[in-house]
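Listed below are the structures to be examined.
In what follows, chain A forms one complex with chain B and a second complex with chain C.
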Partner chain A sequence: MKRRPEPLRVGPALAARSGAPRASGHGAHIELPRERTWLMHAAIAAVFIAIAGQTVRLAASGETETRLARAEPLHQTYIRPDIVDRRGNLLATDVDAASLFADPAMVRDADLTAEKLVALFPELDATELRRHLADSTRRFMWIKRGLTPIEAQRAHDLGIPGLGFRREPRRVYPTRYLTSHIIGHVDVDNRGISGIERHIDEIGETDAAAAPRRSQREPVRLSIDLGVQNAVADTLADAMKQYKAQGASGVILDAASGEIIASVSLPDQDPQKFSGADDDDRKDRVMAGVFELGSIAKTVTLGLALDDLGASLTRIYDTREPLRFGRYTIAEQYPPGRPLTLAEILVRSSNVGAGLIAMEAGVARQRAFLDRLGLLDTIRTEAGPVAKPLLPSHWGSLEGVTIAYGHGLAVAPLQFAAAAAGLVNGGIKVRPTMIRQEAVPSGEARVVSPATSAAIREALRQAVINQHGTGRRAELEGYEIGGKTGTAEQPGKGGYKEKTVISSFFAVLPASAPRYVLLLSLFEPQGTAETKGKITAGLNAAPMTARLIARIGPMLDLLPDRVAGAN
Partner chain B sequence: MRLARDDRSLVSEWWFSVDRALLIAVLALIGVGIVLSLAASPAVATRKGLPTFYFVERHLVFAMAGIVLMLLASLLDPRGVLTLAVVLLGVGLVLMVAAVLYGPEVNGARRWVRFGGFSLQPSELLKPAFAVVVAWLFAEERARPGISMVLIAVGLYIVAAGLLLRQPDVGQWMLLTLVFGALFFISGQPIAWALAFGGIGVGGVTAAYFAFPHVRGRVARFLDPASGDTFQTDRAIQSFAEGGFFGRGPGEGTIKSVLPDAHTDFIFAVVAEEYGAFACLLLIALFAFVVGRALMRYRHRRDPFTHLAVNGLALLIALQASINMAVNVGLVPAKGMTLPFISAGGSSMIAASLTVGMLLALVRRRADPRTIGRPRVGGSPLPPIGRNAR
Partner chain C sequence: MPRLAAVATVLLAVASAFVLYAVTYETRRLEQHVAAQARTIEKTRLDIAVLRAERAYLARPERIEEMARKIGLGPIEPRQYEPLTAAGERHK
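For the complex of A and B:
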């Protein structure tokens, strides 16, 4: 079939191509400006060349570092520095562990996969797991994190498609039992959530990372001495058995720097059971509990008399008559039947004498003195906040008197030890710290005069070596121990319970030039044959302290005099 | 089927006059598009909770429909092309009004009309039709000075541009404006007018910058990446670096599982990551060949209408492809623009097919109007086979 050009009706431009006669006038000679067309073509070519050039440039940029896609949950983990004790023993470190995840879109059979996984890890929730695995729009879900190598191998051997491993750092604690309450915990992303671990995060010593690696940072060096810590825990555990106590605690501070050399609370937390951390019986008594510590507080009262009232150790107080406040009577436990010197008030643990000092000072001065020592502050260490002191709701002269001999003001043992360290170390305030200090921190406030401090040390030493001293059973040949006992009846329903006490001993070592202060407590000890049925601190906490010092002295570079003298 | 040169049927005529190189290049593009659809879209479909091959199946269906439409359109003669363009323009304008009035709102714009289960973006169809009609109006102006076809063309532009901005669809509007401006320029309008039009264009872009917050945001992020989230373009650019020259290998890409528009606006980056820069260069070359072939074949020889229409249509393809790729390589701010024949999307595929179909029709070897009607002595009324008459 032949086609013929049809007559054109669309317009002259098209008519031109038909060769219609009328178009011959100018239609056939229409010329468009060629230069402009060329210009446009050149522009198009330039654009294509630019794109090609940029493509090559990008490809050649060689920037091959693979950044993980953000739509996928980019797993951020944290690299932590090691934690070591003051001698460099490893307390915490990161190890490289496998974590199991699933890509639900790649899982063929969600039911079978869930079944096999639950068989391997019975703690997984089968229903939940199956539901998530069946959701094929998801591309990522954790199954279990921080697997042991054996678990990882078993999961691998299941041979299920859609499962994979990611390497993650996992925090391990080689000496978990001794230091768990200090070191604290990390969460699944290796971020510190309590204790020193949290402190490390707060001071910015961790590094965010996508994959496990060794931290390049210096280890965090604690003030704790693992050997001493172990000796304290051991001695306390023995004493708990010996005196049938419900609990025990012990803290040792460097008297000048405030470094916490050891801090033990028994019974301790089971480190495998993080959820049991709020178990009241197992809480850290050194820092997380506040207690009335009994007659140990007379050390502070002595300081008040010496420093604020200008008394000397030989000043006489008439302690023969009990103090009466309405229906309350404050009497001596061991009435000496004669007036006592200021030193004897401490040595013989005179309640009346302490009360007389408080009454002489008055509530305002007593309170100001305690405040100066830091006993009323809310303090914290790197391991976390220290329990806030519990003050009497009304602080009148009766309360002043009871506080003077150790009741009415409850503080954490650590806070008391730090305040007492300031009293005996020459009078410089001490801030307890968990981190090893290279030097004694300077610029701390003076709390009492050096003379007062020396007098307190002398009185404390007397309490141990005087034949009437309540702390005489803490005497240890070769060590110049000074100290004070405290037997605090525990508040219960309807008043104090006579048979439920905290027996404590505060020690300063050596008394003439203190390097360490110790505060050891037994909670609810019972009378034994050895203590003749008594539960006072002089009979249990004091000898326990002597036993401990005999053991840790050499570790603390304190040798018995006879050995040291032989050199 | 064998066709003889003396067979003057429609098919035979087409077969001997069509530009086979251009046809093959376009079919190659469509084929590449299908392959890349397999690479990019299953990941997107899975993420959207659709069947894995949802986009692939749709792409295949539209590719087949596109080929048929392209071949049908290429059968037309220039007058047929014009008729088709006029019809498409009318239908496109009506549907765009319908889209603005009744269309569903998607991402804050009304660009779509729905017929049962089928959605169409009429602005896609409008673009090639507009280019052809405007080309004819300018050509008429050249052929018959005095009748102000230019004014009609400007009026048409204002209507179409108004509708596009009403939707709003700033990308398509810019494309339309560039094509109109180029035709205006190369049709030989006074240079002062061309400059004036260029000024209006710049003013329009500036106005769009201030009128549409999302345009402003995109430009701001392009000029200062810190001012906002440039995740999509960052990630796209990064995939070029990661792919290197030879790519990470088919299926090894990651961008497709990350970017929501991996199968449409950012398919070029998927190609870069999985197949490498050489594959990208091949794709650029294929587009450049299609555009260049159409332009070279018809340079300045024919009547003004064909000349302008070919230039307009080729420019349309060139612009759309280059804007898309330029966004991918980070040369221009992010702009939702599909890559013709490659990106997923029915309207885009149909529109690209029609564009090329009309282009094929216009560049078919035909008798030069200036020789027809003036038969040479002893010469054939048809030009010699295998060469262009001159």
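For the complex of A and C:
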């Protein structure tokens, strides 16, 4: 009974609110015109509010410039960030350059126009140009892009109708001779096609644009130090002349972070003539070439003995007898005539000693150790892939022995330097990088124990200061240099060629607390009066390294000991 | 009274039309000015880029080295360093 009154009360109230005339009963006839008036007013107000709103929106968006639609597709170009070295020196930047185009429909005399253009730019193909200019259905074609200001002015002065300029960014390399092999190149649309330039595209640091403007992005800061790079290039060039070498290479790594401070290969590529084709004499030896580096590999073999075989530096090896494998005999270059300690194997560069270590370890352990150091991987840097290590097709005990003293395994100098850096820096793996690192990357694997690393450093130091050390010409007063020489005969037709060698020196600086590792090589040096006709690394690569360190020490923030200690 | 209101409204409308015209005109002028300024800024930035490139080209190490050697300078040698303490002793 209670439910009945409720619908009766609710019904009219709803009807009144909805304004339906049927429900409002008798008064609806009077209310109707007034409601129409209000409706009208509301509609007019709504229209005015809409107009006002649109006006405000247009004013706020601020788009007043007229837009022109172009029939020809816009040639999109890319804006790139600057590249600087670790100290902020400019290595690559975009500048504004004019590009010349033609509108064939507007060209009156195709023959004359083509003739004048070819006179100005002899590299243009006259026949092709004439054919395109005569095609009056076309409205756009490039004549030449990236003109110098003088060229642009001359083209402008021709006064030919139908020609026009568009401004485009153009990449310039103020220091190209020193860094071109690292930085790489861009194409005509300013896109990176090799080296660091390509890396910048891959990490998405470029911006598409229709007109030149400055990139708002932070410069890409390389790990390279331009001053050190120049000093390395200069020292190597001098040494090439002095020792009559065919080529030279040098790489300097930060021993902890793997930053590549300098990387030089001579003779270098001519950046003007970049064709993408492999030119073997001029390829980047540090990254693009693999070499058997000779006795500097004994540093690795020493690590194998210390870390995997539990040997100490004082352990005695009987190196008096040459090793024989069928028709191969592995003998000492300078037989000491007595057993040697493990340290002496490195200091005197004993082939037999290194071979004995490899035989003791066995192929599997040796291979696992080299793999742990990263000598068998294919590695890459931001500048591109590093040439893949060349492993022996069959790795038996003979190959194990030859690899132990530096033959049979060919790696890129950069890859060896990185592996060796891991051996001496306390035992942490190093990944070479071209980009400046704010901190030493954490979480890298341990390759050898800190004790092994310290023992290797001690042996490397001995190789420089011991009177029998092969690296004693690398000694430089004030800088505690440790290092190992390597004179590697190069494989040629019918075996190794005795007179064709790569002389290398691997250095750790300073030996007690390494901050840098260096690997410098001379390719095919000749004997000179100074070296008494010899071509061994101890007589050319070692003194060259000392000269370089004397020069770059201050740049690397290393002071000679007596000064650093006294202050 | 309604007439007065109507006249006032018309006058107001005419006045606001003038104001609107003036504001629009001024806005266009300012916008052109801003666009011109933006162009100048971009042009200057590009000029700066050219000058920085030129400066880097002129300051490239191999050029500085050549000039330094011409006036008799050379790389620092370890023996050229002395600790500060040694410098003090020399003066005694």
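The definition used in the following text is that the second predicted complex is superposed on the first by the 493 of 567 C-alpha atoms of A that agree within 3 Å, B and C clash if a C-alpha of one lies under 4 Å from a C-alpha of the other, contacts with A are read in each partner's own complex, and residues count from 1 in each chain.
Following the convention adopted for this analysis, contacts are C-beta pairs under 8 Å (C-beta built on N, C-alpha and C of every residue); 3 or more make two chains touch, one makes a residue touch a chain.
Since the structure is predicted, the reported quantities are computational estimates derived from the model, not experimental observations.
*Asks:* Does chain B (first) or chain C (second) touch A:L90, or do both, or does neither?
*Replies:* second
*Asks:* Between chain B (first) and chain C (second), which, if any, makes contact with A:M40: first, second, both or neither?
*Replies:* The first partner, chain B, only.
*Asks:* Taking the superposition on A as described, I'd like to know which of chain B and chain C A:A119 touches: first, second, both or neither.
*Replies:* Touch status of A:A119: no partner.
*Asks:* Have a look at where A:A208 lands relative to chain B and chain C in the superposition and call it first, second, both or neither.
*Replies:* neither
*Asks:* May I ask you to decide whether A:G553 touches chain B, chain C, both, or neither, giving the answer as first, second, both or neither?
*Replies:* It touches chain C, and chain B stays clear.
*Asks:* Figure out whether A:A105 sits in contact with chain B (first) or chain C (second), or with both, or with neither.
*Replies:* Only chain B is touched by A:A105; chain C is not.
*Asks:* Given the superposition on chain A, which partner contacts more residues in chain A: chain B or chain C?
*Replies:* After superposing on chain A, more of chain A is contacted by B.
*Asks:* Under the contact rule defined above, give the chain A residues that sit at the interface with chain B and also at the interface with chain C.
*Replies:* After superposing on chain A, chain A residues 59, 62, 64 contact both chain B and chain C.
*Asks:* Give every residue of chain C touching chain A within the complex, in rising order.
*Replies:* Residue positions touching the partner: 27-28, 31, 35, 42, 45-47, 49-50, 52-57, 59-62, 65, 75-79, 81-86.
*Asks:* Sort out for me which residues of chain A touch chain B in the complex.
*Replies:* 1-3, 5, 8, 10-14, 16-21, 23, 26-28, 30-34, 36-37, 39-41, 44-45, 47-48, 50-52, 54-56, 58-64, 66-67, 69-72, 105, 136-137, 139
*Asks:* Could you pull out which chain A residues touch chain C in their complex?
*Replies:* These residues of chain A touch chain C: 59, 62, 64-65, 89-91, 93-96, 172, 174-175, 177-178, 212-214, 226-227, 229-231, 233-234, 476-479, 550-551, 553-554, 559-560, 562-563, 565-567.
*Asks:* Under the definition above, what is the set of chain B residues touching chain A in their complex?
*Replies:* Touching chain A from chain B are residues 8-10, 13, 46-47, 49, 78-79, 82-83, 136, 139-140, 142-144, 182, 185-188, 231, 235, 237-238, 240-245, 254-255, 257-258, 272, 276-277, 280-281, 284, 287-288, 291-292, 295, 299-300, 302-308, 311, 314-315, 318, 322, 325-326, 329-331, 369-370, 372-374.
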